[in-house]
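In what follows, subunit A forms one complex with subunit B and a second complex with subunit C.
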Partner chain A sequence: MTLLTARRTRPAHAGRRRRFGGRFNPETPPWLFAAPALVVYALVVLYPAVSGVVYAFTDWSGIGQDMSFVGLANFRTLLADEQAMGSIGNTLLLTVAIVVVQNGVGLLLALGVHARLKSRALLRVVFFSPVVVSPVMVAFLWKYIYNPDPSAGLNGLLGLRVDWLGDPSVALWSIAGMVVWQYAGYSMVIFLAGLEGVPRELHEAAMIDGAGTFQRFRYVTWPLLAPAVTINLMLSTIGGLKLFDQVFAATNGGPGYATETLSTVLYKQAFVFGKFGYSTAIALVLALFVAAVSLVQVYYLRGREVSA
Partner chain B sequence: MRRTFLLEIVMIAVAVAFLFPVYTLVSLSLKDPGQIAQSPLAPPNPPTFGNFTTAWSAAALGPSLVNSTVITVVSLVALIALGSFAAYFLARVRSRLGYGLYILFLLGIVLPFQLGMIPLYELVTDLGLIGTHAGMILFYTGIQLPFTVFLYTGFIRALPREYAGAAQIDGASHLTAFTRVVFPLLRPITGTVLILNAVFIWNDFFTPLVYLGGSGYETIPVSVFAYVGQYVSQHGLVFAGLVLGALPIVVVFLALQRYVIKGFSSGLKG
Partner chain C sequence: MTDLLHDARVSRGRFLRMMGGLAAAAAVTACSTRPETTATTGSGAATELKFIGVADQKAAMDKLAAAYQQAKPSVRITPSYAPTDQVQTSLRTQLGAGNAPDLHVVYPGNGSAMSMTQIAGAGLLADLSAQAWTKTIPAGFKPAFQLDGKTYIFSAGSSVIGAVYNKKVFEQAGVEAPPATWSEFLALCDKLKKAGVVPIALGAQTPWVTQLITYALVPSTVYAKDPTFDDKQLAGQASFADSGWRQAMEMYLELQKRGFFNDKPNGTTFEQQTAMVATGKAAMAIQVSAVLPDFRKAASSPDDLSMFPLPGADDANSVWIPAGVVVGLGASAKGKNAEEAKAFIDFLGKQENINAWAKEIAAIPLTQDSSSTIDPAVESFLPFTKDRAVPFMDQRWPNAEVQPVHFAVIQELLAGDSTIDEALKKMDEAYRK
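Right after this comes the complex of A and B.
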């Protein structure tokens, strides 16, 4: 197939003149333009992903070529594995918390910074700056901020005595908190780009019709913000589902299994316990989650987008 | 007018609260253990700079800075070269096969890399590239290609075909028409591609931890991770290491903040 197409386009009609209805119609560039990228992509992404799907149905230990197909055994193990099932629950809770809070905060920040403030440029830089720092380093910083010591960090600031990362019923939300702190500025700049695309005349027209601030937001701004909402929801959902660095650096899944996510569990199954087959089975479940969520969001959210 | 003023006060208060972790980071890095134990929240009085000299050498930040820079820069060059050429073909091709190829590339954006993590580790080992710059560069080029191709293709599709056509009428080959005429027109999207990929590659942690750990070619996040593990309870030293580790990218961000924020907010409009 590839060769056929290649032959058709290859004898480059480059330089030969062709006119269709007065418009130039330069032929398609040769497929060779895409070949190097395709080779690297196939080698680094496609081939490993396909092998990953195959390994998910084996009992491969990662050493040597010794493995046999075990059918759905890895998935049955997964269903019976309390730690792994708990990590699915944690991943979903964490994702929902991050998506809701990060985008809520991001939207409020964007609305605040969008107003004509003297300090708007500076505020934008302040709120965005954590986005460019490595998540591992942010996690180490927050590990100290979440210190149980009542005189230091967040406890010292707020006069509380909470063991933010040591209390199993709090730890997961503390992780969500540090992620939100780091990425609320990312949501903010995307919302801000959306807000800047709302035509001023629409607001003026609504104002003349007697719409208040809230009504103008609800009926003018919000519908036009839909593309920014789509992008923000997709980015934060996928980021939440794949979350690894922050958990690994701050709690490593603890206390107990309270903050274990799909990514940390599959990491441990592979690199600590050597169960490579089982680990890829968990990765396949994660992949299906991500794919399902992205598809649903694209179809559902794209549907409610309108243009100005 | 008064409402704007009130809002300004509120936003500044929010920003100050938002910066509390940053204040903690910097102030602790300037304290000795005694000061930290006595008054963890107070500003350093007097500030000590000894933590920084210790952290710089103990975390091997000099070599890591070189490793991070080499890996990031070479990966970016490869991504822009491979990505823009491929996208030019994918944006202009009209066959079903070409469209299928485009979809195949897009698939890579949603696919979590963990699925291929272990087979890829094997492959990189077989190629003898574990613990090398080349292995990491190959990895980042492959893993970030889908996103890069996606951004470039969208931009090129909106670009009139006539530019390249005119050059070809004048006798230019596809290659010349692309490199001399089309590629310079891609500058805005090349900026976005550069910024988003640079931040991702520079800060990436998991793969360099697995591929480079203990090789002597560690990138900054991996070195800082190992360093923090070593000095875990000495907060002044740990935070000096974090400050130094974050400094390069923060300085670049502050210098180019307008472009960086624009890149992050505009690049994702599919």
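Right after this comes the complex of A and C.
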């Protein structure tokens, strides 16, 4: 009966609606609505990116018209390039550190500000505020905090004598710390959204069944947080793999090559050494690698998502 | 708010019309702002010359651009400045895309991606050879200005690398005269260290600072013995590993071993280095004279600071110094205002303008007359500039990779992560690329 009523009320607008792609269906994406954004995205992002791929197979210097096709030579150079290979190791180490710590801290912060604290609204703002600062500014700020002087910055606060950005064995982790400080609040907000979606009744039911705090987290909260975990892990992995601003502003890849990431290497090849062709080849490899890792991650993590 | 939206019941057609209206309004507003901007910046100038430069050029360029506009009101110069790294990125992109500014920063000689040889080699710089000032370029500086006999860059003069020192600290430690030999220099550092002050501030976290000590020593350890070293190296007959570069690196590390640097130089920046010397926490820094204004700004009195040549040899007569042409500018060969841009460079080449530019950056003017002034801080370098000075080493290096490798290996050596053998090997490999 309801169905019939619904049908009876629709015909007046049905013709007009069909022109715009038919009845609203939450399962199909609203293509028309997204079209302007997609067109801009295609023109501003996709077209330049795809047309740039050609340069990966040339020896273009970035200036002038001289360029010749060199086939796969740039990719062979990459495989033999000690510095680029070393930077892949650094990039992976940084990514793992950032993904684990940023999400761990983000989850703890989210659980903390989700609790019934009086100042939780204020704390949410405080923890999120570093996210809105430009990464380059954060790096400059942290250069002061990481001052090696024993009486200044973090050393002065903790009574240490660590050369945070100058010691090759510490510098990479100092940069990870800086990134985690900035983006833990971002992970927190996503986890918080997930936590808000966990029905109170499930917790109450678990409490009645005698579950303690940890058990409720393990068996109720954690499984239902899976979508938030997927998004957070994916975003932080992508962020880690293409990390550039903070490294460039804080150490410029140094001391030596200790904090060189794939992004800083490709930047230097293009703008410092004038090897645009080779740099584009590195960028292409980086883009494919990030895409592959993200797809695998999403495929695996989506599999463990459940709904309440 | 959400309820409001739900209740408003705007049909899709109406929504799209509203959005179209908004877009049209935005477009109209955007267009309407355009004439206003022109009106505020225009001031009736017929030609506008765009200049992109590095921050070091700001003081001199602003002054001379204003002077040029007074002399020739029909041309307006709109300069913009940024730190070297950023300029390198944006300018190279513009050069690559074929929309270079009319005038832009160019580094003398070769050895960096924005150097005269690299850009002129790509046919992007206008030939300045017909201008009068190019006839008076000192012979020793010609490789910095010219490619295949044609001049492509204007630079106001040269700067030197040596020790920037705090006079008050030297007085307090009882230092009477600057050292003339390497042994005297080591004794001086020892004396300062015993007086409880850091002898040499080193901000090696800032990459370009790492190179200055080797640059200050190599003229004595390499070029004093063989002034044709560059040519031999280009011909493949000499290398870093089998030359006085090894000795210079050993001397560099000796300074570290003896505790003459501040603690943790790899974690210290150029700004911190500047502040240490300016405030008297450290006695000196091996630096290029072009940054002397930065030290003076940070000091309580600009007269507190002076410079002396770093003696890289034990025989005072074998001490040579690095004197390099300072960063300059060139005119875009393909810009529509190329002739006007060249006319401006011709104006810069007048002696009084060379003097004015050099004065702003404490440089030694390219050519001198009775009105030329030389900063008293660099006077002690003048006896060397005639026949015991060599351009900064990178200006003759064949590619842009050697210099960044030099930065990186110095940081590795300071961190104890590498050996001199490995460092020189890496530099030789980069040189041969």
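A few points about this structure:
In the analysis below, the second predicted complex is superposed on the first by the 265 of 308 C-alpha atoms of A that agree within 3 Å, B and C clash if a C-alpha of one lies under 4 Å from a C-alpha of the other, contacts with A are read in each partner's own complex, and residues count from 1 in each chain.
Assume contacts are C-beta pairs under 8 Å (C-beta built on N, C-alpha and C of every residue); 3 or more make two chains touch, one makes a residue touch a chain.
Quantities reported herein were computed from a predicted structural model and do not represent experimental measurements.
By the document's definition of touching, neither partner reaches A:203: not subunit B, not subunit C. With both complexes placed on chain A, subunit A has more residues touched by B than by the other of subunit B and subunit C. Of the two partner chains, subunit C is the only one touched by A:272; subunit B is not.
Look at A:286: by the touch rule set out above, it reaches subunit B but stays clear of subunit C.
By the touch criterion stated above, A:168 is placed in contact with subunit C alone, subunit B being left untouched. In the superposition on chain A, contact of A:125 is made with subunit B only, not with subunit C. Residue overlap on subunit A between the subunit B contacts of one complex and the subunit C contacts of the other covers 17, 62, 149, 248, 267, 270-271, 276.
Interface residues of subunit A facing subunit B in the complex, by the touch rule stated above, are 1-2, 5, 12, 14-15, 17, 23-26, 28-31, 33-34, 36-38, 40-41, 43-53, 55, 62, 109, 112-113, 115-119, 123-129, 131-137, 140-142, 144-145, 149, 151-153, 156-157, 181, 186, 189-190, 192-193, 227, 231, 235, 238, 241-242, 244-245, 248-249, 263, 266-267, 270-271, 276, 279-280, 283-284, 286-287, 290-291, 294.
Listed in rising order, the residues of subunit A touching subunit C in the complex are 16-17, 20, 61-64, 66, 143, 146-150, 163-168, 248, 251-258, 267-268, 270-274, 276. Within the complex formed with subunit A, the subunit B residues making contact are 4, 7-8, 10-12, 14-15, 18-21, 24-25, 28, 40-41, 78, 82-83, 85-86, 88-90, 92-95, 97-98, 101, 104-105, 108, 110-120, 123, 138-139, 141-143, 145-146, 149, 161-162, 164-166, 168-169, 171-174, 177-178, 199, 202-203, 205-206, 210, 220-221, 224-225, 228, 235, 238-239, 242, 245-246, 249-250, 253-254, 257, 260-261, 264-266, 268-270. Per the touch definition, subunit C reaches subunit A in the complex via residues 12-13, 85, 88-89, 92-93, 95-96, 112-113, 118-119, 122-124, 204-205, 207, 263-269, 272, 399-401, 404, 407-409, 411-412, 414-415, 417-418.
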